[in-house]
Amino acid sequence: MDLATLATCLSSSACIVTQSTGGLIIGMLLFLVAAGLTLIFGVLKVVNFTHGSFYMLGAYFALTIYQLTGSYTLTILGAGAATAIVALVFERLFISRVYGQNVLMQLLVCYGFVLIFDDLVKIIWGVEFKSMGMPPAFQVPPLFIAGGLVPPFYLFVVGVALVIGLTLWLVIERTRLGKTVRAAAYNPSMVAALGINTGYLYGLVFALGGLLAGFAGALAAPVRSLTPGMGFSILIESFIVTVIGGMGSIVGAFVAALAIGLIRSFGSLGFPLFTDGLMYLFMALVLIARPTGLFGKEIA
Amino acid sequence: MLAVEGLSKSFGGVAAMQNVTLDFAAGSLTAIIGPNGAGKTTFFNLISGAMRPDRGSVKLAGEDIGGLSPTQIVRRGIARAFQIANIFPSLTVEAILTATVQAHLGYSERITRRFPLPECRDRAFEVMTMLGLSDKAALLSSSLSHGDQKLLDIGLALVLEPRVLLLDEPTAGMGPEERWQMIAKVQELWERQKMTLVFIEHDMDIVFKIAQSIRVLCYGRVLAEGSPSEIRGNPEVIAAYLGTSQETRNQESRSQETRGL
Amino acid sequence: MTHARRNRIDRRTLLKSAAASTVGLLAAPMVARSENKSIKIGMSTILSGRVAQLGTSSRNAVMMEIEKVNAAGGLAGRQIEMVIRDSKGQPQEAARLSRELVNSDGCEILIDAEASSGAFAVHEVARDLGMLTLHTNSETSSLSADPKLHLPNAFRVCRQGVHDCIVGGAYAAKVAKTKNLTKWMTTSPDYAYGRDTTGEYMSYVKYFNPDVEVVGEAWPKLFQPDYTEVLTKILQTKPQALYSCLWGGDVTAFIDQGNIYALFGQVETFAVNMADYTALTAVKNLPKGIHSGNRYIKTFPNTPENAAWADAYRAKYNEYPTNWAWENASAIHFLAAAAKKANSADGAKLAEVMKGLTIASPFGADGNITLRAEDQTMVGYAIGWGTTISTEPYVTDMTAGDWKQILELEAEWKKKKNYA
Amino acid sequence: MMTRHSLAFDVLLGVAALAVLAIVPLVFPSKALVDFMIRFSAYALFATSLNFLVGYGGMVSFGHGMFFGLGAYSFALLMQRTGMPIPAAFALTLLLCAALGLVVGAICVRLKEIYFAFLTLAFQMLVHSLIILWVPLTGGDQGLRGGIPRPPFLGINLANQTHLYFTSCTLLIIGLILMHHLVQSPFGYTLRMIRDNAARANFLGVAVFRVRLIAFVMAGIFAGTGGVIMSLFVSGAYPEFAYWTISGEGIFIIMLGGLNAFLGPAVGTVILLVLNDVVTRHTEYYGLTLGIIILLFALGLRRGLLDVLIDLWHRHAAFARAGKKAGSVPKASL
């Protein structure tokens, strides 16, 4: 433990800024993945263990598209779209067959695909880890904000993530589609009763989840090393996020993701050896206090 | 036998039960009626410990049982059956009843012997005969007809040899003659068991046929209480309740189901 | 109907695999070990998951060398047959596989090409079965240094943490003196290798240059995808110099993420595992002037033999060898030499002659490498530090470590640890 | 009297099975088979205990591996640090597992479905990071090294692989008999009631929390036994034993074997181990192969293997009896 460092940091605005942006970037990428996860659970009641793989695919797609086009904007959009398509196909062809079945059965299908996707990546892109490299536009020195260091790229990432998150929220809260989605989350039979094609809706939700994960992957690609199985750690973390936030709650995912991000960045100062432990501890505490997560609906 | 005083409960500021005071004489057969959202089910939930009352007392034979856990209340002799039959889908009728008996006798955590304990099994069969489910003993409860499921559900409550039995719409979702068979059964059981029986019912014909006395709830308040004849003549009741049609009642009962516990 | 068909299909597949397994289990050969018969060498390594690349390169190197040995007549006249299995990096699997390699595949020699925890698992198997076992990847010093773990039948044919630390420490201390770097910080993966190496490295830096003080530590998890919290912590601590033994994809991610904080302009960085082709070729815009130890590079030792070996490997597998590759190649070199000397392929006899065996090697500091008798671990291999440049040969100004000094300090270190 | 449902019958079966297992290595003198059976015992105990929670208690735990890990570590440590005889270390280990189960269970079993799953996962990961952190005691990520001393007891010498084989098989069979007895006891049926409909059970006077907690502790003890066997097999202990992947494999095993049949997990264990051993032999694309096989199960059989077989058997019986089909009613939930 190293509480002194933490204390001195909390007393310096520079440190707080730097650490917070650090936490923010971790949190935002987590949020993008977790949002899809929680959305899918909320609507389809499916615990999508393949979501980490979507993130991985997003990153690898980004790598390829960037190598081909050299345009990062195209890369992000392309990676998102491609992943969305994969997700859609995955849902239509496989997950849709296990709706309403034992949760464990769905979990099994997902697990199967985690393994398959990892090996496919291995076959297509190779076992060795890759790095996409920073787009030239962002190869600039970090900015100083209130004495804290803030890399422009991270500003960009956080910005994009926020925009995506906001759009998502607006779509869910304001649009007709969003209403349907919420209705479906509340009571599927009702949606069916309203004469809405649930198959179409579910496919859409899955694709949306894939899109978000794909974006996350593309945004992470320039700074994280790409390896088969890279989806895994983020999967676990985003599960922690969704559970803390309350399965099915986008807002919850957002709050929890930020919390986890900050816990990581400040925790690494105070408890350098226990940053992961902190995360699980936090989750345990939340669940003990609120058995269905921060924003989770009470299942009576 | 059972008496509630000043019972109040509200959900998020919405009062579901306001200062309700009622009592049910030992061995009486009472019907609770009331329109949509009258708080009938809430009333049962409060008595059976599914919900804690905000204010007010629940007394069973003079003992205050307000705020006790469902298990504790069951042990004190209040059993209930549910609006929607909540049977254990993957178990057979026999197993369910036997397991319930063993719970009643305090054997449910026995690990020294094998299931079924003969004494429990025998009792289970008695109940089955009483209910007329003997020939269905080996069936999965989930494969029973709706009526039989409700019957079994009531049977489970009976196994506990309750002093007070709460039935939430024993005839909900049944066809006409099924209803009458059911209600006849209920009446028969009541006579045999010498217990205090309180039931929620929508079918006025049934209510007026078998209930000794009736309590009318409306928007969480006691609107009226008295003998069937008194209630029949009560203008408020007629205004508030008897106007509504059977369909809406069914919908209403369903909407309450979805609320669940 | 369709359902029924599904069942049938599936039952069939199941029966197949079941049958296959029962054959594999029951018909386990009680191998007759006649001299003229070919000899099986079992190798468990990591062919899937994060480290797959290193495992694959280990396999490549071994196969490449085996070809030569077999072409030259094999081990004392017996052709070598490699049986290579994937442990997926799980120690219990490594243990299981090693047992299976011996018990059901009839392997007579084991090569343990596992990372540290796997190596210790295989070491226990070696203790149990008494097979000749060559550890080719685990650099954790205690594996060979700790007498409690010593086995007559187990050898370590790879670099060793403490050696790296002594050389790196001496090198870093020199740089620190000239550039007057006193405030140091460390960033290493939070597992045994990371902790031990970092601790020892810094202790030697201090030993050679007492002015140096460690002002902060960060311990990212192994395979952690994001180092932001680590980087910001470094920026808070504002050290003059940074040591890290992050490796593989982790070090490249760290470099990529450090770049956007312009970290390497501000801090003199010593990354022992940077100078390995896996990292050097993967990382985009590799910053100039990062100090690194040699893991494997074609130009160090700068001999025709070494270059030739690297080119041969590259020609065969069209990628550069890794650190694990040269270590596993050396294992085969030692086996071949030992077999010649003992004129036998029998594990016990080989183990006997391997103690203290010195062979010519492209990877030797002075053209030779030796399996030191006392603790049966490799010494004399090329070890040195240099600085990175963004293009081939990626690393320049290599300063070779002084083995005389290494051995002296290693002996002291062992005393300090009560190993000797 | 001894019916098919009596403990005596189970014991008899167990003894018979043990007799067979005793003969096998004499008939097929294969070290590999012996090794396989030891691993099988460890995993089968672990998986069956997990299914005791999942299949009979309806409690899907993602953290069951914590007991496997604790079992392995505490046994290995007790043997290394204290000179105590093996049976004592074993008993003490089971005690520790029970204690952990009691503490974690008391916190977790209140939670519903997925939240229960993830809270157990959280505790497992805490146990895992504790193992990683507490290097002086556990050896950290390198695992517990230096081997496990195995002083002979009652003429049993666990340093001898054949003895270890018999011991593991015996532990396995005793474990299975005990768990089967639990499942068939009044307690077992109370557990089923809770699985089907906890709230209703509650209104029948069942102390849901306590029953769940007891089940959680019991499962922990048996899982710990599996861990002990594993530690003896690798003569050490590794953090991987307490990692979530072990719990994942456990779930996976019961899904393969079938979670509605008592022996399903045992069957599943065979399937997984065989897959693992056979597939890794032939390809390094283990994941791809395994993944496809998983899909065959999940989308093809849609149930565990043993479940399917039993189902078929019942159908046959039903057709034979020409018994009437019963329409199914959707599971009511309170």
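Note that the chains are named A, B, C and D in the order they appear, and that numbering of residues resets to 1 at the start of each chain.
Keep this in mind: contacts are C-beta pairs under 8 Å (C-beta built on N, C-alpha and C of every residue); 3 or more make two chains touch, one makes a residue touch a chain.
Since this is a predicted model, take the numbers as computed values, not measurements.
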Core chain by centroid distance, with centroids computed from Cα atoms only: D
Greatest separation from subunit B - chain, by CA centre: C
Chain centre separation in whole Å, for subunit C relative to subunit B (CA means): 72
Subunit C and subunit D, separation of their C-alpha mean positions in angstrom: 36
Where subunit B and subunit D are represented by their mean Cα positions, the distance between them in whole Å: 41
Residues of subunit D whose C-beta touches two or more other chains: 285-287, 297
Junction residues of subunit A, two or more chains touched: 119, 122, 273, 276
Shared interface positions of subunit C, touching two or more other chains: 48, 52, 190
Interfacial residue positions of subunit C with respect to subunit D in the complex: 6-7, 9-10, 13-14, 17-18, 20-21, 24-28, 30, 47-48, 52, 85-86, 88, 90-93, 95-97, 99-100, 103-104, 116-117, 120-121, 123-124, 127-128, 140, 148-149, 190-192, 195, 222
Residue ranges of subunit A in contact with subunit D within the complex: 47, 94, 97-98, 101, 103-105, 107-109, 111-116, 118-120, 122-123, 236, 239-240, 243, 247, 273-274, 276-277, 280-281, 283-284, 287-288, 291-293, 296, 299
Complex contact set, residues of subunit D against subunit B: 5-7, 181-182, 184-190, 192-193, 195-197, 199-207, 210-211, 214, 326-334
Subunit A partner contacts - residues on subunit D that touch it in the complex: 54, 60, 107, 110-115, 118-119, 122-123, 125-126, 129-130, 133, 244, 248, 251-252, 254-255, 259, 285-288, 290-292, 294-295, 297-299, 302
Residue ranges of subunit A in contact with subunit C within the complex: 5, 9, 15, 18-19, 21-23, 25-26, 29, 119, 122, 127-134, 138-139, 141-142, 149, 151-154, 220, 222-230, 233-234, 264-265, 267-269, 272-273, 275-276
